[in-house]
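In the two complexes below, subunit A is the common chain; its partner is subunit B in one and subunit C in the other.
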Partner chain A sequence: MGSHTTHSACETTTVDLTNVKPYGDTMNDGMMQLSFTLPVPYGEEANEAAKILARKMGLDEPAVVFSKDMVGFTYFVLYGKCQHTVDYSTIKVTKVEVDVMDRLECEKYITENIKRPVVIVGACSGTDAHTVGIDAIMNMKGFHEHFGLERYHGIEAVNMGSQVPNEVLIAKAIEVNADAILVSQIVTQKDVHIANLTNLAELMEAEGIRDKVILICGGPRISHELAQELGYDAGFGAHTYAEDVASFILTEIVKRKMV
Partner chain B sequence: MKSKLNLDPKVIDSARSCAGRIAESMQIFIDRHTTVSTERTVLRLLGVDGVDDVDTPLPNVVVDAIKDGGGLPRGAAYWIGNAMIQTGLDPQAIAEKMAAGELDIMKLTMASKEDAEAKILPIVNKALEKIKAQTAKREDYLATIGEGRKPYLYVIVATGNIYEDVVQAQAAARQGADIIAVIRTTAQSLLDYVPYGPTTEGFGGTYATQENFRLMRKALDEVGEEVGRYIRLCNYSSGLCMPEIAAMGAIERLDVMLNDALYGILFRDINMQRTLIDQYFSRVIIGYCGTIFNSGEDNYLTTDDAYEAAHTVLASQFINEQFAVLANIKEEQMGLGHAFEMDPDLENGFLYELAQAIMAREIFPKAPLKYMPPTKYMTGNIFKGHIQDALFNMIAVWSGQSLQLLGMLTEAIHTPHLQDRMLSIENAKYIFNNARAIGEEVEYKQDGIMQKRAQFVLAEAEKLLHEIEAEGLFSTIEKGKFGGVKRPKDGGKGLAGVCVKDDSYFNPFIPFMLGGEK
Partner chain C sequence: MGLLSQLKQKYKTLSIVGMAKNAGKTTALNYLIEEAMDDGVVLGITSTGRDGESCDLVTGTDKPRVFLDTGTIVSVPVKLYDMAEAGLEILCMTNYSTALGQIMLCRVAESGYVQIAGPVNTKDHKKMCGEMLAYGAEIILIDGAVDRKSIAAPDTSDAIILSTGAVLSRSMKKVVEETVHIVGLYQLPELEKGNVRELILAGQKRERIMLIKGERVELLDLKTGLSAGKFLDEAIDEDTEYIYIPGALTSSVISDIHPTKLKQVQFILKDPTKIFIDAMHWQQLRKKGFTAKVLENITVAALTVNPHAPAGYSFEHEALLKAMRSVIDGIPVIDVKLGGGVQ
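Take a look at the complex of A and B:
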């Protein structure tokens, strides 16, 4: 195996996209760093257990470079060489397909193509009390120098805040004749967000407004693929700013002839 | 001691006395009112506990019956005292009979206020003795096994299962934690009752119940004896059951309780009238039992900007201090909150943050300030997160913070894993030890970035306090001056549980807990 062949890892410096391995400092060295805890007492046996586990995970030559006694538990930092490869060339990921416009472009797009105010209602619905995500997208101030939707001329943004029951969110959307609903979910313990997001989509179907409103979810554990599985038009994960969401909504309004 | 930031004592005094007037004017409103949760707290202190056959807590059963019978303005203590006179039963037996539908205390002959008060006095004294015994036990532990050095290392557990929390809490104490906070399950703050018994299911945290408090207290006492350090327990006297949880915490010897009406109003949309009334009794209890309360100003900086809104934090700290003074809480129990939430990309952000942290320490010299870690700008890059936490720890030891809620490198990813807590404790211990006396060694440049920053924030806070005094606290909150969040005076949750007291109202605990002053 690896350690006995002195030149195999050095044979190529170009990546083979059909057989991709982790990169440490040499192409195809497979180097990975892990840190984890085992519920066993600190000692030689614990280190051995960590190495056996690493081999089962497909890591060759596992090395425990650090371990720490946590009284009945042991923490490890471990390196190993991954034996597995992935075929990168055949990967397909579902993404939100939209040309992102900045705030001024969005405003111009509304003036030229929609010619009326766009209404967007947002909330952390269900039991979720963490508004940091919805605030970053909606509030005037935005996040990291990216202004929120409230700042956009031509967009009426209604941020309902935290722990809004889905029924209340829908009632508000109907009341203000919303073009889009944004729902933020931060807490994902025990998949509480899945149940809540599903409930919202079902309630909108029941109210007969699902087709009339662009339904979007967001949060650090949300992907576009998950959102689509749950019956949403789009899902936005971490590193999303207001312009990403606005661009999707505005182009969708035009695409669906909701102008 | 001379201010290293060259803060003007006249500006501090002006801000403080202005906050005092704001709190006093609110106290006039508070004193005229009571709430369902305040009355349930009286019942809990009188020993009413347990649930009926559909899991409604007995304090709710009794207070709901009093409210439905139109008796809430007189207070639960009168009705229980009267029922004791008329039936010869103790409060728990009365509550049980009410739950079984065998007794309607609103239809009994009515004794005088004085007789009802006299009847429950022995039970009131017994409750106070019980709380005093717990306070004495804490003092005994501190005198015998001692405690960690400040800043206390404060970590959270949040598995949802109290038995799993116990395992994690004991592990954290063995790694060096001084304070364990059991995070509550999502949305408990909005329940208008306190669940009963040990619980094993929660989202993002564990239900605050009296039995869960007792289980965790016992576990921390055990591990405290093992490691030779008293381990403090923290929970949340907040939300719609603010004073009830304070009472449970007093009975089960919690050491730290988060307690801040402004936080509930802004971030949980709890009605402002309801929660300010609730806060008063909860703070009276907290003052009496020697618990440290934590205020929630740090949260303003998760919705507002840490640089631009720093003065709102200071203004709120002044108000929280004065509310605490009215509840007879000692400065040594005032865990006023603030947070390390500057944008990491801000040039000299560390200097501004350091200036603000030292400013808080200079203005509230004896208060056990609670310093909260970075959350808003944590990204999932655990390596950078660990550095952000290191800078936070550096400022804490430098500025002499007291309760250091340790930042987790995995903030923004998940509730802490066992190893996350170990790494964060290691981070804090390293920095606290390595830079222990830095605050005593360093002085700041006359009119430099730091002095100017602190002076500016203080001046802005004093200005804001005068605006609040002119405007009134309710109206200030309605306008969104704190955390950038607007709340209407009659909006939010819990207003239906508020009523005006009648002339014969009494709460038998408040005068004793205040030491007969009020």
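Take a look at the complex of A and C:
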């Protein structure tokens, strides 16, 4: 990428948070890079198709800077100037609001405030076989140098793994008298995670344990707002570590007088 | 007299339950809100999920917003308070926390659009409804979320409005079938007064599965029936007449019970929201001689139909209304988009 000077008269060098545009070489140039594949044979027509598509997406001056023959398909890297803007100043995102404690602070919090082991059951429930999320939170070795819940003194973490039917997950939670259930959903094709997550919450209501257990969902397409819609106490998206989840559960246990 | 005024005479809390997401719950809510404005009824409005945002979180499609009249009592979590376009007078801060912050009870001081949310679990909801009535709401409408049916439980509300629509299936026959199944479940016969009912009510607090053999009651040493079919099959002997299940009734609870035993015992459930078996499997069970009763069933006060699906297809308004009315007995069926139409 080149210098940071302004080339065009209509572009300004300062950020306007009510009209945010992508940044390429200069402020507000709107430059974006896209990569995608079209199911058409490699050639000039393919490049033209990619550019037409980019224009329809609101990108001016689209340029195919790379294309590759994928035998019947063509892969592209394309540059273009985005014409849309975003009013950043009006965006409100609801997030889990909790003072995050690190592992040692969490352990201290348990000894001082809860004074008993905290039981957390986790699983990838339904048809989901992708344990990367739940493992990152629960496994001893953790993720990105953040240890998982199994490492925490005072927390009994039960990781049930993948493809756990909701009924089995609930039966386990009842058996071990869980304080919290963590359910991870990575696969979201055709919104299967929505049906599965609501089914879990509804089964817990039917079993009469919904108000006795802190119910948390997590995954790349999970937000805190969605959690509310589906009947969960909290929802964690990407970039969540064990201490975020633990801090929420522990403070919630004290808040709800579940000690 | 409008539908709401009729309902108000019989019920204090009404849940709006959806057969599916986008079945038209919020449209039904708005319809009743409009009636309340015309008739001067003071409403209490709350939601098990979230309501009034303009764009659906899951499907990204447009959602109807919720416009509330002056005087309405409404539950609003802290984080949605700022987003309200109506003027809200805060009555109290409750103890119910949600993913969107503590819930506040507010009175609408200046009419306008409001985003609504309520407690995520049904027990808290019931308590909060009591508080809303105390603040002067004449009737409370609880809007459901997604297809969550737990709020239909008689513990939570006096009656429900069931919203169904084209979103369920492209086949109108299927829409009608699925709806009839749920209405049928909700109207399951209640266990008649008498010995067995007394025995169950006496032991109900312990939340254990009960086997009733003549005058004898056997409490199973089982914390849940889920995934415990084999255990239940062993526990049911020749003398067992009734089995009471306090929790959920799913396939895993009954699939391992021997057909002759399934036929021999009468299943008793707390209420119809405990049943998690779809129309087809329910019919198969019935054919095998399975029967169930409930301690308390659900009053379906009205059925609303929405002939449009967000996927883009729709049915003829009149055709869907007619098909539904021909099979649903004694419950008003309304197309809330057409308006009126109360039989």
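One rule holds in what follows: the second predicted complex is superposed on the first by the 248 of 259 C-alpha atoms of A that agree within 3 Å, B and C clash if a C-alpha of one lies under 4 Å from a C-alpha of the other, contacts with A are read in each partner's own complex, and residues count from 1 in each chain.
The rule is simple: a residue touches a chain if its C-beta (ideal position, glycine included) is under 8 Å from a C-beta of that chain, and two chains touch if they have at least 3 such contacts.
None of these values were measured; they are calculated from a predicted model.
K.L.:
Superpose on subunit A as described above, then tell me if subunit B and subunit C fit or clash.
P.N.:
Subunit B and subunit C fit side by side in the superposed model.
K.L.:
After the superposition on A, what does A:V187 contact: first (subunit B), second (subunit C), both or neither?
P.N.:
first
K.L.:
Once chain A of both complexes is superposed, is A:G161 in touch with subunit B (first), subunit C (second), both, or neither?
P.N.:
Only subunit B; A:G161 stays clear of subunit C.
K.L.:
Where does A:K81 make contact in the superposed view: on subunit B (first), on subunit C (second), on both, or on neither?
P.N.:
The answer is neither, since A:K81 touches no partner chain.
K.L.:
Could you tell me if A:Y232 is touching subunit B, subunit C, both of them or neither one (first, second, both, neither)?
P.N.:
In the superposed model, A:Y232 contacts subunit C only, not subunit B.
K.L.:
Can you report the vertex angle at subunit A, computed from the C-alpha centres of the three chains with subunit B and subunit C as the arms, to the nearest 10 degrees?
P.N.:
100
K.L.:
Check whether A:K51 is in contact with subunit B, with subunit C, with both or with neither, and answer first, second, both or neither.
P.N.:
So A:K51 meets neither subunit B nor subunit C here.
K.L.:
State whether A:H224 touches subunit B only (first), subunit C only (second), both chains, or neither.
P.N.:
It touches subunit C, and subunit B stays clear.
K.L.:
Given the superposition on chain A, which partner contacts more residues in subunit A: subunit B or subunit C?
P.N.:
C
K.L.:
Please indicate which partner A:E207 is in contact with in the superposed arrangement: first for subunit B, second for subunit C, both, or neither.
P.N.:
Second partner only, subunit C.
K.L.:
With the two structures laid over each other on chain A, which partner does A:T37 touch: subunit B (first), subunit C (second), both, or neither?
P.N.:
Touch partner of A:T37: subunit B, not subunit C.
K.L.:
Could you grab the smallest C-alpha gap between subunit B and subunit C in the overlay, to the nearest Å?
P.N.:
Here the least C-alpha separation of subunit B and subunit C stands at 13 Å.
K.L.:
Could you please specify the touching residues of subunit C with respect to subunit A in the complex?
P.N.:
Touching subunit A: residues 21, 48-50, 57-59, 79, 82-83, 97-101, 117, 120-124, 145-150, 153, 207, 223-224, 226-228, 246-248, 250, 252, 273-274, 276 of subunit C.
K.L.:
Spell out the residues on subunit A that touch subunit C in their complex, using ranges where they run on.
P.N.:
Where subunit A meets subunit C, its residues are 92, 94, 96-97, 165, 167-168, 170-171, 174-175, 191, 194, 198-199, 201-203, 205-208, 210-211, 223-235, 255.
K.L.:
So in the complex, which bits of subunit A are touching subunit B?
P.N.:
Touch residues, subunit A against subunit B: 35-37, 68, 70-73, 75, 127-129, 131-132, 135, 139, 141, 144, 161-163, 187, 189-190, 192, 220, 238.
K.L.:
Going by the contact rule at the top, pick out the subunit B residues touching subunit A in the complex.
P.N.:
Touching subunit A from subunit B are residues 160, 171, 174-175, 186-187, 189-190, 203-204, 267-269, 302-305, 343, 345, 375-376, 379-380, 412-415, 417-419, 422, 484-485.
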